[in-house]
Structures are given as C-alpha cells and as structure tokens.
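First, the structure itself, so that you have it in front of you.
A, B, C and D are the chain letters, set down in written order, and residue numbers restart from 1 in every chain.
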C-alpha cells in the first residue's frame, strides 16, 4: 500500500522487454538510430502533428525547463499557477535554463482561470523597459493538486495568451492521466487547444525516465537541441530512452496505465466516502482526503505509505482530521485499495 | 564491425538483469531507496574513501558540468586541454552550469604537462580584478585522443594545482579503461594522486547511462545536490540509475568490460601493424591509425563503421593515407578484430 | 512644478564643483586614487563601521543586484515585498546577477511585517532539494510606496532573518530620506538594526549617478569587486564617482538635501489637506494623493508634471477622484508647492 | 609624466561645461529627455546611418558585453583575438552577459588576419550539436597592443564573417584614435566596412564615462534596451551621460582629442628612436618601447608613471632592456614628451 508518488512504482514488463529488444548490437548514438527516429514519428502520428519537432529527455524538470528556455527570453516572465511544479519543485531550474527569467504567479489556489490569467498579464503592462516583459503561459495538466483543466478551460487560457501573442507551454508530467480523464486525444488537449509546446510525460506513468517534448511549430527545433545538449540532457545511448517511449506508445500502453491509475484513485475516493473528507474530486490519480488521526495510525501500522499534506501524525486528539495526499500509480492493485479502505473504516 | 564510439555498443546482460531485479514493488524516489544507498556505499568502498560524497547522474556532460560548477565561481576560469571534452564537445555546458566561467586552454596537442599547466596558470596572474580568477584544473583520463596519464603525471599536475590552491577535477568518462591500463586502484588514480572530484563513468563502458560523481571532501555535497536538481538531473525513479551502477560494480564488472575493450584495441593495433601507421600508442580503447584509401574503401564496403579523423573517403589517390579513429567498446569481438585486420591487409 | 520622480531634478552646485576639483591632472584608475580611498573612509566613518567593505557603483539596480548576487546562491530565493523595486522595476536584474535565483514575495500591499516574513520563510521549508533554498531578506527603505520602516520594525524583520540564519539587504535608494525622517544615524538604520549589506543611495537625492554598497562584514569584499567588474560596473575613471559622493558627504549634504525634499513633501501634503484624499502618510519625499479630475486638469494645464497612479486624466466625471504620485526632489521649491496647492484648491 | 593609461587623464573643460549646462531644472529620466534624443540623432548623423539604433552606457565593458549578448546566443562562440579586451580584461563579462557563450581565440599575437579568422571559424564546423555554434566576430580597433586595422583589413575580416553569416562587433574603446589614424569617417570604419554593431568610445578619449553602442540594423534595438536595463546600465539621470557625449561630438572634439593623443605618442616614439627599441609602430596613442633599466630608473625617479610590460625594474643589469607600455591621453603635453625623452636619453 504505497501511495507516496507516481515515481514510487515499478515499470511494467513491456518497458523492460523493450530495453532488452533495443539492446542488440551497435547503433548510432545521440538519437540518430532507427528506433529513436521511429519513436519520434510515432509521437508525431499520435499527436496528429506531422511537422512537429519531437525530442526526448529523461526528466520532467529537464523537459519543462528546456521547453521554457526555448520560448522565453531572460528579460521575460512566465505566467503560471502559484503551485506549479516549475515554481515549487524544480529548485529554480526554469530560472536557470532561461538565464534568469522570472515566474509571475497567477493568484489562486491551484488552477488558473482565464480571468485571473488575463488580469495578471494585463498588470505586467505599464513599466516599459523597467519591468519584466511578458513571456510564456505555463499550464500544468493534471495540476499538482490533482485537478483537471477541461478542454474548454484550456481553450480559454490559450485564448488569453493568444490575445497577448504569448506562447503556451503544457507541463504534462501527468498528461496521460489527463487525457484518459478527459476522454480526449492528445491533439485535442494540445495544439487543438492552443498549446505551442507540450511535455508528454512517461516517467510518472510507468517508464523509468523519459519525457517527450513536442513543439508544434518546429521553428525552434534546432535551438531546443542545442539547449538540450548544453544542459547535459542529450543521451549518448539514446536508444534506451527511445525504447521506453516505444513500449509506452505500443498498443496505447500509456492510456492503459493511466486508466489503471485513475480507476484505482476513483475507487479509493469512493471507498473512503463516509469515513473521509474528500478534499478534491479526483479526476486523475491523486486524491487529497482528510481522515481521523486514528485512521492514519492504523494505516501507518499496517504499512501504508503516503505523504501527510496537512497535520502531523503525532498528536493527542485521535479524532482530529489530518489530510493525506494519496497518489495511485499504475501498479497499485484493487486489493491494495480494498485493504486501505478497510483499515481506514475499521479505525 | 562498429568502431564509431563506445556509446554505440549494447549493455551486458548483467545491466538488464539488475534493472529487472530493481523493478520489484514500490521504492522511495530521488535516491532515498536502499539500492541507491547501497550503491553509494559500494563506491565509497571501491574508492577507499569512507567520507566521500557520492552522487549519480545520467550523462557525462552533466557529471562534468555539475562537478565544475560546484568547484568554480562564475568569475573564475577552468584550466584544461585544448581538446578536452568539456571544451570541444559539450556545447558550452561548463560555461552554462558555472554561470559564465571561462575555460583557459593549456597549449599542447592533447595531454597537459605539468610545465605547461604551471606556465598557463602563472600567466593568469597579473590582472587583479580585470582578468578571470584562477579556478579548477580539469584532467581527462583517458584523453579524447586515447592517451593515458601515468600516475606520476597525475601527481605532477595536481602538485601544480596545489601550489596555486586550485581544486582538481578528473573527467573519467573512460575511467575504467584508464584504471585497467594503469593496473591501479581507483583511489590511486584519484585522491591519492591529488584529485578532488572524480567522475567515474559507466555509460561509455557498458551501462545505459550512469556516471558517479565523487567528492573526496564532502563539504560541497549539499550544493552539488541542489545544482543537480536545478539542472534537471535528479532522477525521480533513481533506482534505475542505481541498478545499472550496482551491476557495474558487482564482481568488478567495470574492470572486466574495460579490460575487454582495451584488449581488443591492443589487438587491433597489433594486427594493423605493417599495413597502417599507428598514430597513438593505444593504452585504452581508442586507436588512431592511418590506412590507405583503398583499405578504407574495402572496410567500408564490408560494413565496418568508424569516424574518419583526417582525410575523406572520396578521392582519387587510392594509396593516400587517411586516419581513422577506431574505438572499441566491450562488445567488440575478437572475430570483429580479426576480420577488420584481414580486410585492411587484403586491400 | 515637476513631481515625476527624484531622478528628474538637477544636482546641486556642490556636486558639479566636486567634479571640477577632481578633474586635476592624472590619477590612478579603477578606484585606486586618493579621492576614492578617502570617500570609502568617510563612509566607514559615517556608518561607524571601521571594518566595513565599501564600494561605489553608478546605479541603484547595479547596487542592489550586485549586493544580492554576493549574498545569494543561484538555488536560493530572496524574500521581499511584492512591490519591491528589485521585483517590479529592474527587468530581472536580480535574477540575472544571482545566476537565476528566485524572488519570493511576502504577501501584503507594501511594507513587510515580521509575522508575514516569518510565515513566508517558514513556508519555504519542507521541500528539501526540490524547492528553492532560503536566501537573503531584502528591505526597501523608504518603500516604493513612500512608507517608512521604524527602527523597531527593522529590528523585528532582521530578527526573523537571524532566526533562519539569513542575511539582510537594505535597498536604500532613498536611504537619506529615511534617515532624516527617522532622525537616526546611518548606523542605527543598518548594522545596529541587523542589516548585513546596505545601499546608501546618492542618485535619487542629488547626485548624478552614484550609490555606495556597504558590507558590514568585509568577508565578501573581493567577491563583490569581481562581480562588479564582471557586470561592467567598475568605472575606470573612478574619481568622478568618488567626487560626487565626496560632495554628498561633505557637511552632511545628503541630510540637507533629503531634509529639503521631505519638508517639501510634508508641506505639499499639508497644503492639499481638505482638497485631496491623502493616501499615505508621507514621511519621506513621496506623496500619494487623490484629487478630483478637474484639479488634475488645471494642474496639467499649468504645467505641473507627475504620474497618475490610479485613474486616467481623460474622462467625463470632473469630480471623480484620481490618485497622483507626487515625488519631491531636493530642488522643488516652496513656491512650487504653494502654486501647486493653490491651483488644486482653485479647481 | 603619466603614461599609465588613457583612463588616468582628466576631462577637457568642454565636458564639465556640458554637464553644467545640462543641469538646469527638471528633465525626464532614462534617456527620454531632449538632450539625450539630440545626442542619439547627432551620432546617427555622424555615422551617416539615419536608421541606426543608438544607445549610451557608461563603461566599455558594458558596451561590449551588452552588444555581444544581443548578437550571440548562449550556445554560440565569439571569435576574437587572444589579447582582446573582452577576453583578457573583463573578468568574464561577455560570458556573463551572453549567458555562458564561449570565446574562441584566433591564433596570433594581436591582430586577427582574415586567413586566421577563416581557419578558426572553419575549424568550429564539424561537431553538430556537440560543439559551440559559430557566433559573432569581435574586432578591437585600435587593438590592446596599439595596432591598427586598415580599412582593407576590416573589409577582409568582415567578408569572412559574412561568408559564414556571422555578425561583426567592433570594440571601439579607442575608436577615435583609430579614425584619426586612418583619416577616415566613422561610417567608413564601421558599416561601410561590414561592421554590424560598433562601440564608439568616449571614456578613454576625454569623457568621464560614456560609450555609444550603434546597431546599424535597428531590429535588435528593443532587446538591447532590455538587456541594458537588466544589467543595471540604464542611467536614470541620463542627461549626464548625454551631456558628455554632446560635448564630445560638438565641433568634432572627439577627433581633436584623439589627434592630440596620437600626435603625442608619435612624438614620443620619434623622440625615443635611438635610445629605445620601438616594439610597435604606434599609429594610435599607445607605444611599446624597450629601454635600458637605467633609463627606467631615471624616469621613475623623475616621477614618470607607466606600466612595465616585460621585465622588472628591480635587477642588477643596468643595461638590460625592459619594455614599457606608454599610453598618451589627450592631456599629455609636448613638454611632458620632451622631458621624458630627455631623461631617457640622459640615462
């Protein structure tokens, strides 16, 4: 019963198998091999974007930072949520890769609204050369708080960006979970919704470490490649990145894995109804739920692992409600869910 | 018959097996898992450095740049060979990671001499606040031209650095090949020879993508970790980096693989004697050899792959000597060598 | 009647005279001349800080950014007000000079409170290597909204910083106006109040362009000098920076000029009472006051110049209140004030 | 008798007078005042470049670094002489402002040749994404060793740059001395010779601290202004920069001052012939001349000041030749020259 993070789970056998298959004989390095080329083609096909520039990197922070650096001048600012991963969890990587750009936070608890975004962009207007210049809008889908932008909401945000001629970046560390939840295609959630560059995350959804960065306008392709190399993110034995992504794409494994994770999370929320205060409506694979301290204690003793989001396990009031963050990766089983719910209810 | 680069070959089964073994159940992310901890311990043991700070990253460029950034202020300069990988082949990654430090090239064709290093450092002395300040000395072992520093030479270089109170960085992308060639221990080639931070490369010698960075003085450990995160080089599913390194260490696989590569290269040089001008004395796994154009043509037609270092295959003079760079990775076979030699001699 | 900014006014004759006096014969460059040395000594004496490191630069942005870069690692964050000049008006200069550090905004309308600062610093605590690390606290005295920190408030803010072992930077573009308003010594407003590095601004208060940066602990002196040079801020003909500062210090001219500016501003606020809504209690040289549109129109036609802070001159409702920002520099006369008040009242 | 540097001399009265004239009443800040506008126009007229973007900064390092940063991406490299000021004397400012670009040194002792430049650019060709990409060519006119590029040489260098589609930067810290020596117009030495961005230096030739940066293609104007602000180089009281430049332009004062400096230097070289080994043919205001130690001693005792370029004053052999760098600024008098020569000959 491990709900600490999507990065805590194992990879499916298909990924290991793909690595083994890719491990035959010699192959050109740095992405010039056939497998890497095929994978890039498959992503273009999946995204219905035959001209897109597609590149792979091994971490989400690299994907986001390199994408933003390619879109954002050092004297500009990126508009994002105050709880965006790029702001809270990347130790200034976007600032580093952009050469010192700023992040301007759109007020709110999690998801940006079109109105909030517009007001924030508008407020950055009157200082001429003195203030930072307006730069990209960055959207996290699914958000760090487990919330989902609808396609309409994505369209509305990108329309604001377009009004100011600003590019749109989609941090898709949980892209698959979102796509499954929205029952939409990757194209619908990206370029058809006004996204200019998308990160199609593999790592949190069953790969060892691979993310695709997709520029729907390929004009910045060469610059991205140079920035990737300069960041130390160009793998020499590139086929092992490509193999993971190949397995992930094969038979829409990415959808299958995300579907499993989302379903478990929904089952967990449903099971905990009554005993827990459900703090978000989990549409992806992340649940925030408040349980009495006694339930946490019982779960902890039974070996359940997860992050306490608000409150601390130590304390005297056994009935006090403490909020847990519960993340389901693809490998969480129905049995895990059932047991977790049973213990929580029993306590 | 592929001699293009050490990054062109496959990984040994032990690496795949280790990944599969590591793939069981859930594990903490970001290097907090038991396997990652064990691997760091094993490296400390291997290097006879119980207090060293040990971290893993996935590429050599990341390893070098992060290590240098941790040692070098942006107003300083790194002393290195004019053909150092950090200068020629990292698209300004050291300049990026250090925040704009300079690289000062020690004149020469490949290996730095203690005299040359001393003269170059001394020349950077008289400008006060106007010139760059002296920073780390970076040594590539084995060099990009296939040459090996003896232990005495390493001691002499680090003695110069110590005279100026400068730290020493060892770019060990081919650390294993060097250690095997010198028949020495990792400790003898690093801290016992005055090295402050060493990169113990796995990628070129049979891993998918993993390098260890070892600070013998752990004072900079936390800063290194922050810089790694900020560079997007902290793997969330860290166990898959650790598993590769674990396999690499197990039973001294790293020595075995490098021994194979070095032996093949020596056999290649021996076999080509007479037909080729051997341009370096290959002590590691890299041979520079000049062959007549007709021999290159025959090899090319037979499917041999390698980089032409000087000269071009197209041309009229069949007897003209063109220099090839021939790199043996661990997976090159004795049969490959024999066939290559046979074709070269036959042409 | 020009109230647009303190940078709109001329310099007093004493500054021109000092430049002329400094213009005799040859002198060493880069601050090695006698005049520059004397000026640094005078500042140390003024601040009762015989061991302080003192350097001059020509702009406030340079002074702040270089001071912060010397205190702040690129993986850290600076705590400041949401309306701090370093955040709103320096086009990402702090991010540039620090190599990509972040600015974390302490919620509020202008002045930071000790409680707000503590809560903001505390919130930056739990992310380990993932979040930015805590860096310097930056205080603007007088603030960009014309508000003044009392000595008690400064002590309280620096006490919070000290609790977290963070250095304190004082942006003193209007240092003199604050000192006069507080009737305190420079030492009382800086190191005695827990400030580690202070900017003693000359430009806004009557110099052409000179700011002193004072590190009360001189350990970072050499690094600051290197960063200044690297930023292109080391004047070769340094004596012309020093001469301005020398005149500014002579006979406490800095106090006299700030006293004049503050007095004019107070007179303006007093004069406008009744006709205007005074939005801040002007303790320095900056007044925010709402006047009816008809008054603005009359002032505008009479040649008065200032920035409209809220609202626009164009509009139909003549009685609508629009807020002006009115900044008095030393050269504003009593007659200017009287005339401004008379026109406002007449309209 | 001070020959240490052009930054050691005073400014002519015209510069002080212009500052005094500019010091009347209030004026808009940041270069929006009439004087600043007029000065930019005058420079456009002087350079016969009505569409050029013209901006002022206060130091040569700022001018060079900001110009290069506007032309050079962080993954590129600047081609320059091994003794260029941007390489040797700016403490990594170009690396800082460009965000970590590299400087590639064209082999040679001082002036670049077209052949050398071509070979160096060509050598940076074959590494694809791995090596730095080709960036601007930077030419120092007059060089740091007192040598002058002819117009033909400038044309030849810029033709090489054009062949590779690279922009050309002219470091003109001693622009005026060069223009006088070549008896050419500013246009002939810049855009007519293929220069894309020129620095028209005022500081070394009689101003307190002002340099004009001129982009002949104004497309990068706004970016330059943002980078200037971000670097802390946008003066608020801009009129005092503009006033210096205005005086410098008035009646071609810049030519007159440089003519004086060049003439003194020529007289010094002529006077020393016979007693000294003249190491360069001084065409500008800088002479390298070897004199016996005894002559140096006599000069030193008589109060002459200059840098010893090779050799040290302390030593036993009175007849040993030691090389001095002798720089004449505009304020050096004929009497200074006569006295220097007399002492040198007498010794």
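Here, contacts are C-beta pairs under 8 Å (C-beta built on N, C-alpha and C of every residue); 3 or more make two chains touch, one makes a residue touch a chain.
In UniProt terms, the chains line up like this: A, B, C, D = Low specificity L-threonine aldolase ItaE.
A quick note: this is a predicted structure, and the numbers were derived from the prediction, not measured.
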item: Comparison of A-B and B-C (more C-beta pairs in contact); value: A-B
item: Reference chain A; chain at largest CA-centroid distance; value: D
item: Approximate Å spacing (C-alpha centroids) for the pair chain B, chain C; value: 51
item: For chain B paired with chain D, centre-to-centre distance based on mean C-alpha positions, whole Å; value: 42
item: Between chain A and chain B, centroid-to-centroid distance (C-alpha), Å; value: 34
item: Multi-chain contact residues (two or more partners), chain A; value: 30, 74-75, 90-92, 96, 99-100, 129-130, 133, 226, 229-230, 234
item: Touching residues (chain side chain A, partner chain B) in the complex; value: 2, 4-5, 7-11, 16, 19-20, 23-30, 57-63, 65-66, 90-93, 96-97, 203-204, 208-209, 226, 229-237, 240, 305, 331
item: Contacting residues of chain A [partner chain C, same complex]; value: 74-77, 88-92, 95-96, 98-103, 127, 129-133
item: Residues of chain D touching chain A in the complex; value: 30, 73-75, 99-100, 129-130, 133, 223, 225-227, 229-230, 234
